[in-house]
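Each chain gets a letter, A, B, C, D and E, in the order it is written, and its residues are counted from 1.
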């Protein structure tokens, strides 16, 4: 992936850089912002779109609950052995395992959605990284910038006070 | 750096010690066979098969080689002479829990006079002279810790014929385990015939 | 797709296949040709007899097929044979009617005991060190025959036989064997052999045998220190009767009062338990008789000869007023009167005296007093609770304890023992006699001792030659129970299984000896085997009963013996003894040791697990929790909690029990059911050598007993010793229960 | 009508002779654990005679209570077993399936009667004592819980026998080892669902009560109380 | 004092990047003790569980005490960090990861005991509901099966709850480190870049996980208490057991957390990050839990004493005045009499005193589990079968080995991962951080700004 980006020490300068890029007509999708910590209180760091994670968690939980109850009731019915004068399938003792499986389902759904939505899986290399990130700098830039805007972007970035403009060679990503 | 080498050496020493211990155990595990072939090595660790090798062989269904039987008894020939299972040989089946394997006495009922020149029949005679019985090797059997109490008589009274569980023995020469008598097999059959599937029907 | 397929798919690695090779070829012992054909897994029942006590219960042995590791001419191999798996009472046998006691159930362990002697042994090391070397039967028998011939040539009096009291065929064989050799009569010895009660019954009722207590017809039982539901006389028959006595008869529940110094297992079942000073049970009996004769106007002649035996009986026992008796026994006079009234109110009542009551110097007087009391109550006779089993043969025995002491005196009297050859059979006098009798010393002096025991116990370890006997399930058995049934009984049993080891039955060895010795012995003992002897006895019985011999024998073998089928009517009525006018005067019991120096009465008792120590080698009985103390695997001393507090002794402390004749150490168990001045201890432990389960375990109370005896019968007064208790540290108790005294849930109605 | 095996213990007949205790070990291959293990409280007795003292000398009263597994209808030991090693059969038995037992010992804790015993070590029968082992009863290994099974092997044998003779089981066909051995006939065994069996009749006796009834386990053994005589000689 | 981002990185990443020889020595020593535990367990498997001190009627002893103790310790971690995250307490930032780490490791150790105490551990796989040709399934009515499910859910939940915030830190190390560390942490960072979308997704996920983990944690220790409450044993069969155990769990977990933080503060020189107000806040929480614990134990014993049921009174007396009385009073001292004064008087509430109180509570709570299990089993309904219990060297070795195991795991964790979450610490230092809380924007507006971190 080829990208051009600037490194900013202050969140305010990073905000300016982003507004500059937007002003330069950079499409939102190719705007690139990276930071070593969440800057939610600034517009550039905030991410407005609501995530469907809570609903997915709820569905995962429900599914887990159903699987749990099916497992308990199904296995007890498959070979009904009476114990302690209790009925074969009761909500009292099946309820606990259903509850546990519900929570397990919810947890797994949450983590799964996180991994899928953030495209995180083992051994995946980040598309772009820079040692400066570790020292608290914020990276702002454009990924796959349209060629005609490349010079404009570089100017805007430097104007916003970047410590240095770096480009990533045009490897197809 | 000195520390790292020390830790490495320590690790190697522990690893070799564990390895030798494992080998020692492995040897001891198979060497400590008891008289009747079941492993009494560990009084505590009571897995279902006598040794790891036996377990693996059993798992993959590898049959113990037939020639381990002292006499290559041919069921086929006897079946052709219309000797059914429980009349002379496995007399216990119709009466009690254990079918029983015939010894020298039962064989000699007929072979005192019939086919006395056959090498296998001569083997029987030598056993008789040495006042020994034929050391048959079991083909079917349940592992001890499974505590299975299989009763032949009720099954025969219920009309289950021998081939259901033992396969077509009358076609076989030396009996070979044809049917995998695991619990699933028994339980399914019991379910089909509305027989009891209580645990204590077989385990008590 | 189940687990198996799943693992198959993923586990088809070379490693697993490689491991397949290192299985182990099955190597097995050779398998001998079986003698009998057995249906595998199907049990057969064969009658037998329980050898463990004088009751002589009939047993049914459950025999199933199994593989035993045996030695056959030098080779060890597996033999498919019938093995006895369990013993149950013989339902047809009149003594125990299908039931057995705890020891009877455990008797099956004798057959398979790991320390059983497997072939004849010859002593190698010093006598008593227990070093023996195996030797085969021919050599053993030839050495014994040579010894026997040598003794017969010098002086037949040099031969001695010592065993427990024998009955039936064995007694006939042994007595005829010794008689033909002109050797002295056999010496019988058993610790609890109740010869006092037999002698008293002979004097009172002309029947020298133990009485049969049929509790099912009784309405009131007064027990005087008799453990008749535990180990005394015929416990199983009496327990069956007790069951009916309590709940067997709708609307009629008998009352049971027990009077004893310590709550025994029997006493625990009493409706009313009354403590009494040890040795004074006879006084209580006379007190009760006094009340019956005077206040209840019962004629003195009602007791017949039993009454005449008591001095002062005809005059109405003037000096035995309840007040006098109360002072002697410690029981209030009013209570004695009430007991007497109850004896009359609950006809038929029976008074049972036994155990420690008769093991005093005044034991005979006590027994006669009780017999007279029973006769006065009219409960002795064919229909009453006290009956006498008709005996086909005379049961008279020379008093065992006296004859054993005579034998010992004879051996020790001269520096060089006159007894040259001693034959020992099922008796352990070294363990079961007081030290003062010096039985061990005497045995040491005998040049050649032969033991027929199956185990090396305290006595047979001193033997020079051990000829191991078959165990009861492997041999021909017969018995004539002395008590416990109404009809006459001659039990018979064929071997229930083949011998497990290279052993031979004692009677067969004697018969073999008589052939080797030859001469008049051969003619006197014509039988080739013990089976033949029994067959001859049963043919005689068949002739007397007018039945065909073969059918009679076959039926006896099937049923487990012969008993007259016409049930209870045949119980023998008491014959009137010769009218000798000898009267016995009741004397207070004499105790060994002064009260100051030895303040406690010492009461050894026969425990349910060990009786007199003969079954201490069975692991089931060692681990059987004693019902009152729940103790296992050891011995203990029972002490009253208040006394213990006074002496600063806590539960589990080790105490020294010292008498004038010895001392022993044992842990203490506090028991609220024992008098403050009495110390009790179970007999049976403390063997110097008795297989791995009983050797050097616990302490032997008999080793501190004084050699006092009942003058007329010479029986050992084993309850007449006084001891001193002193704390000696902390002992170790193995208790099955962490229990407390109170039962939290009142079940009492 | 399915069977419901039960028992009646007549405390008025029981003399404390412990013949039942030894008979049970002989029948069911109960192992002997030896002195050291017995001292640590690991002796195994499927039936025991509990002895309780009351009062001080000289009016000490003793009570014998034979206690064995009560095969409760609502057995607390059954639902707690994770591998169904303990469950309730259709015949009303509390079954102990030895091969399924993995040794959590939860059932023994849940049992209010403490009648469950655990094999802490591998049981040993010094040769040739092992020849006495009853082939009809499983020999348990280390790590397995065991308890009174109402002699299930005898019930099974009687059922097979009755089926072979094509007849119904009669009262008295099945006699567990303890009931068979008891001289005083204090232990009676039978089918509680069969109204005219001795057990069912006696279970309705006014003297009858259940052990630890208040725990709610609905035990199947009825204890007939021991009557007592008051001091003045009258039958109470 | 102003801390530049790189100084923070250096401070927090130093333990990860450099390892002093003392670390290796410590690992070997503690590892040895932990290995002893496994040796003892192997000895027990080989010779039979009889080598342990348990017998009839006390069938559960040290092993189940350890099981309940370690599952209890694990509760404070996730519970506290989850509650603090939801409450958005600023001072939670250095505490959360230490706490979550305790949870995961304590759970791992605790979850081993259901295997260690088995009579036949090689058949433990029957607890797992796998399809098999026998058609047999585990008995889902058994509290042990509930344990199996609850502990596995909780272990997985708290492991993920620990893992998610570590991703950015792994990325941080990946960007700074060289050589094998760069490859390893690169693998561990799952390709974390740090785009606002990822940050938002991560924070939402942490928020949902925090909401989910609390009821799971509460249910786990309720189920552990159901192991006892479900059986009719005197003083076990009572409804108070679930809340009582959960309170006890949080109580002992807090104490463990305080101990761990004190150790980290000392050994890794994190004085600036783990400051006194962290200890005082946790000390206050510990005080609250001590009072709550005492309330529960008082309520339970009063009900038993007043009810006067003979069987229950036997157990009551056994602990109050009987053979277990000394242990009982030591427990009350360690759990109540020691922590309450130490933590109420502000002057006394220093770091050292909080640690002493925490130590007392850890010991007290181990004893409390012991005194719940053993006396009740020793004095059940029929006095004839009362018994005693004495542990053997096998049980003691395994118990000691569990503590060594915990320390070992914690040391390795502190080596692998920065113990204080670097990015959370940095977020905490943003001046405007508090206006926009991590909670979803809708909530942010309602939250009044707090004092700065």
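Please note the rule applied: a residue touches a chain if its C-beta (ideal position, glycine included) is under 8 Å from a C-beta of that chain, and two chains touch if they have at least 3 such contacts.
The model shown is predicted, which means the values in this text are computed figures rather than measured ones.
Taking the definition of touch as given, a chain qualifies here only if it contacts chain A and chain C alike; those chains are D, E. Distance from per-chain Cα centroids to the pooled protein Cα centroid is smallest for D.
Ranked by distance of CA centroids from chain D, the top chain is A.
Counting C-beta pairs in contact across B-C and across B-E shows that the higher total falls to B-C.
Placing every chain at the mean of its C-alpha atoms, the farthest one from chain E is found to be C. The distance from the centre of chain A to the centre of chain B, each centre being the mean of the chain's C-alpha atoms, comes to 60 Å. Put simply, the C-alpha centre of chain C and that of chain E have 65 angstrom between them. For this pair, chain D with chain E, the centres built from the Cα atoms lie 44 Å apart. The mean-CA centres of chain A and chain E are about 29 angstrom from one another, to the nearest whole unit. Of all residues in chain A, those that touch two or more other chains are 79, 81, 83-84, 86, 93.
Within chain D, residues 41, 48, 50-52, 65, 76, 79-81, 84, 87, 100, 121-122, 136, 141-143, 212 each touch two or more of the remaining chains.
Counting partners per residue, chain C has 2, 4, 41, 69, 630, 737-740, 742-743, 745 as the residues that reach two or more other chains.
Working note: touching chain pairs come out as A-D, A-E, B-C, B-D, B-E, C-D, C-E, D-E.
By the touch rule above, chain D contacts chain A in their complex via residues 73-76, 78-81, 84, 86-88, 218. Those residues of chain A whose C-beta lies close enough to touch chain D in the complex are 81-86, 93. Interface residues of chain E, counted against chain A in their complex, comprise 4-6, 9, 129, 135-141, 145-146, 149-150, 152-153, 156-157, 160, 164, 167-168, 171-172, 174-176, 186-187, 189-205, 208-209, 212-213, 215-216, 219, 223, 226, 423, 426-427, 430, 432-433, 435-436, 438, 441.
Chain E meets chain B in the complex at residues 21, 24-25, 28, 45-48, 120, 122, 133-136.
Those residues of chain E whose C-beta lies close enough to touch chain D in the complex are 47-50, 53-57, 59-60, 114, 117-121, 123-124, 126-127, 136, 138-139, 141-145, 148, 227, 230-233, 377, 380-385, 387-388.
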